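Two complexes follow with chain A in common, the first pairing it with chain B and the second with chain C.
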Partner chain A sequence: MHHQLLAQPAMSIAKLTLQAGESVTCEVGAMIAMSSGFTVETTSRSRGGGGGITKGLKRMFSGENFFLNHFTSTAPNQTLWIGPGLLGDIMHYPMTGGTLIVQGSSWLASAIGIEIDATWQGLGKALFSGEGMFWVKCSGQGDLFLNSFGSIYPVDVNGEYVVDTGHIVAFEDTLNFKIGKAGSSLIGSVLGGEGLVCKFSGQGKLYCQSHNPPSFGQLLGPKLKAR
Partner chain B sequence: MIEIACPNCQKRYRLADKFAGKKAKCKKCGAVLVIRPPVAPSDHAGASQPAKPNPKRTKPAPAGESNRSTMPAPQVPTVDPVTVDPAPVEATPIETAEAIPTAEAVPIVEAIPVSADPFDDIPVAEPVTPSVQAFADPGFDAGFDAPATAMPISPAKTPSPGTAAASGVGETLRGTTGHMKYEISQRPDFSIVKINLPQGGKVYAEPSAMVSMTPTMHLEAGLKGGLGKTFGRLLGGESLIINTFTAQDGPGEVMFAGGAAGDVAYHRLNGNTLYLQRGAYMFNSEGVDVSGKWQGAKGFFSGEGLVLLKASGTGDIFFNSYGAIIPIDVNEGFMVDTGYIVAFEETLQYRVTVLPGLRAAGKIKSFFFGGEGLVCQFSGTGRVWIQTRQVKSFLSWVNAFRPTKSN
Partner chain C sequence: MDQTFLGGVFSETLEGGRAGADVELLPAGIGARTPDGETFVIPYRDCQVEMGGYNGRMVFCRNADRSLTIFCDAPKFPKALSLAAAGTLDDQLAIGHKKRRGESRRAFLFGTICLTAILLFIVAGYFGIRFGARSAVLALPVSIDAQIGDAAMESMDLGGPKVRDDVVVGAMQSIVDRIAPAAAVEGIDFRVHVVESAQINAFALPGGNMVVYTGLIQNASSPEQIAGVLSHEMAHATLRHGIQRIGQSLGIWAGISLLVGDVSGLTGAAVDLMQVASVNSYSRTHENEADAEGVRMLHAAEIDPSAMADFFEHLEEEEGDVPGIFAWISTHPDHASRIASVRAQLAGLPPVQYRPIDIDWGEVRKRIDKNIDTSIDNSDVPEKN
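Right, the complex of A and B next:
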């Protein structure tokens, strides 16, 4: 599978070129256009991964769609164009056997060799964060595509690093994290608008997004007519 | 690397090889200078000398290539035009390579009044193949390296078939047509089109598309093309009113932009027809007829309303989108989610359908659970323009943040 990212960072789109027999799993709704040599299959499980309905439900909780679309190429050089719904960037992450923890709504597509799992134990911690943070655990080998709201910047953590909970796109599971308050007192950090933060420690890569969808939504919401 | 000095004010510039053979305007005094191909390596050391006309100018295009190979290995990387006193030239450390078309390197290709046509204040960049490739270099990142005022100036580029959108995204598009000169800059996020019209020139635009214009332009609102066409446009999601801009009192300039942050694309019609998705129409030159086209069941089925505007005739048409526009040349079948179609050529046959594979064996579920359901299936040969975002997704997202009525 070849990929090309275009129109970054705001209007980004990924062009994937697949050879016969190759396939990719995408978030439902991610497909923008494609050539005619694909078979599309909608399932509630990640292909080859098993899990079925339970995993589907877990994915639903993690901010992802219950269903996944599998695109399998039946002819050489088939192109598939995918993109996220909101303005923002797309990132390619080549997985080589490690594990990446992805924020629920940031997962866009992944190769078949990647297992997508929302059963990750960080759930309890995440609930505490109060921002509807759920996580998808991706492990295996192949190309992984993530999207963000705003632009993505990588941070090489070696030691400790603090990120606002709404701005995390993904991080390698070699990092430990702890939800905490930004300031020294809880009241201070809530009033300071920073709310809760993730405190990472260890060594690994961390990907952050410049903007935070809930912040933007809360800015727009009150100005709109009531439903 | 080419080093030249302005013959008028002696300001020095260092330029990449690819500008060889072009003309440039001096940033300091405005004089026009011809950029000679680089001189031989030995001369290269004597940088304090103003570059002399090079007898090797017979081969302008490949000159850069061949000279590069004869250069000493650690090549002096380019910086933007450096102004240096004659003495410390050798000592000046020059940093950062790669981003050759950086901010300051750009005005160089700025333009030369060549002809006596009414546009003579407009930059003219001749299409020179080597520099096209240079700008398409994947390492070059316009978004970060070049501030807004200094977009890389690429050679005149009319969207030509065969390039399925690979490197052109984000590049400034410019060109000259029989009716106007246009320049689409700030792509793809905040695209804006500048057009220059000769005296008497006209364009027809969607209301509110105009951003600014010179006082020579005269604006007239009206129903163009009679009642039938007007109604057709209304059906196509466009306004009843079409504004006519006429360059009445001499050559004029108008800037147009779309309503949403997004891209603008240009298409030249030569007696053929282009279909535009609802709302994509921006403006057109004389000779183009824009009317609505009722899709019948085809359009009805798509729900979202694949209501199309039909543009035909001979002339120029500009359309815009939310998100970047990517042209794709179709020749063996292609499918686009109905919400992402911006425009397509009439030579393509199309059919709105459920994503194949979802139809079979009760797989209709994804049709109900959102996401891809309806696609437009194209066949034949032609070009289709897609957008990378759709307003609908944004709306449904923001809808969740609306306050709920408390009653």
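Right, the complex of A and C next:
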């Protein structure tokens, strides 16, 4: 599978080129356009793998869809255009056998060798991380595509790193994070507008998003007319 | 025996610095083989072990200069590593486990505290709103009660024509006037309206409008029994139970907006609600409060309060014969316990010389029992909705 990311970072879309027999699994509703040589299968399980209803329900808890769409090319050089529902960036992550922890709703598409599952982040993190209650856990090998609100920037963490809540897109499972205050005092942190932050530690790659939907919604909401 | 686990490796020699790998516990050390076939080995004697990762259970094995890290989060890996290294790494593994357990306990404690705080916040919020609504409406001037009560009185269906007989209406008004000076709140102008209806009922709207049905007068054996019922209904008005119900129904913000003077929008909603409230029962707490306050008012007005309990008992006995007609009883449930609590309150009252109610009770009953239609004035009876 060959990929090309276009119109980054504000209105990104991904152009995937598949050869005959190759498959890709996409989020429901991600397909924008495609060649005629694709067969589309909608199931709740991974292609050729396990899962089913339980994993479908877990995905729903993590902010993803119960169903998955599997696109299989039946001819050479078939192109599939995919994009996220909200404006924002798309990133490509080549998985080589490890695990990537992804914020709920950021998974866009992946090769069939990648398992998509949901994982609980703990009560404290669920309440204060600014993310969903569950995270999406991607493991296996192949191409993985994630989307964000705003642009995505990678950070190589080796030691400690601080990210504001609501700005995490994904991180490698070799990293861990705790919820903490941005400054030395909680009152100072709140007055400074930062409040609580995610403090990462360990070694691995962390992907952050420049904006987040709740902040945008808080700005936009009061300006909208009531229905 | 060599053992293999799923894991990964960090090394500057790898593209991107990281790769997934099969982690093997070899006789010479910890080995890692990437999907591209590259192999890495860290001798056990050089290995520095740390615990971490997303779930806190991942074991990181680093070489002496920390340029190479092999990691694995398989649940059986720590024990297998301990055995393969012949116990040389046990101290480091124990420290890692201890650290992880400590962090896990702290996270659990933190989560439990947060959950408890949220639950307490919800419970406190619920009671805060209830208390806040009550406080907000009780802070309103009594004139608001009259405004709402008068509007409700004008628009509500009373269930029968008004009686205009001066003897009957005057007698009821004089009972109320005798009790009124004992009211806990000043500024309520009690005005009695007698309505022809077989239902044994009476009610008071906020602000002092009172409705007495002829069925109540016909079923009472003395003016003191009427006074017992009327004192209970007057207590609902003086204790402002109706306005409290409005406050609870419309919420604390409605109470606050009333407080700051925005009466117009809420009055309509309050009137609608009061029309329903007047014919439905109050809460058990409000009923008990009204009983106690009614007895206190009767005692202060030197009217025998035992008549209230007598009338309750009389209605309870009669209720079985004509079910449904005893509206006052049916909207005041559990009268047996109420009779008991009224009797208990009577026993604790200081002795006082009760004075009879100065009305011509015989004439009132005669006029009620007579063909009452001849004395009815229908001219200003509101049309039924």
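To be clear about the criterion, the second predicted complex is superposed on the first by the 202 of 227 C-alpha atoms of A that agree within 3 Å, B and C clash if a C-alpha of one lies under 4 Å from a C-alpha of the other, contacts with A are read in each partner's own complex, and residues count from 1 in each chain.
Note that in this section a residue touches a chain if its C-beta (ideal position, glycine included) is under 8 Å from a C-beta of that chain, and two chains touch if they have at least 3 such contacts.
All values derive from a computational prediction rather than experimental measurement.
In the model built by aligning both structures on chain A, chain B fits alongside chain C without clashing. Of the two partner chains, neither chain B nor chain C is touched by A:162.
Look at A:174: by the touch rule set out above, it reaches chain C but stays clear of chain B. Of the two partner chains placed by the overlay, only chain B lies in contact with A:81; chain C stays clear of it.
Of the two partner chains placed around the shared chain by superposition, neither chain B nor chain C is touched by A:20.
For the three-chain arrangement built by superposition, the Cα-centre angle with chain A at its corner and chain B and chain C at its ends equals 120°, in steps of 10. Applying the stated contact rule after C-alpha superposition, one finds that A:7 touches chain B and leaves chain C untouched. Judged by the touch definition given at the top, the superposed model places A:40 against chain B, while chain C stays out of reach. With both structures placed on the common chain, the touch criterion links A:201 to chain C but leaves chain B unconnected.
Taking every C-alpha of chain B against every C-alpha of chain C after the fit on chain A, the minimum distance is 10 Å. By the touch criterion stated above, chain C contacts chain A in their complex at residues 6, 8, 10, 16-21, 34-35, 52-56, 58, 60, 69, 71, 73, 107, 110-112, 114-115, 118. Within the complex formed with chain A, the residues of chain B that make contact are 143, 165-166, 169-170, 188-189, 261-263, 323-324, 326, 328, 332-337, 340, 355-358, 363, 365-366, 369-372, 377, 384, 386, 388-390, 393-394, 397-406. Those residues of chain A that touch chain B in the complex are listed here as 4, 6-13, 28-42, 65-67, 69, 81, 83, 85-87, 213, 217-218, 220-222, 224-227. Note for the complex: chain A touches chain C at residues 94-99, 101, 122-124, 127-128, 141, 156, 171-176, 201-205.
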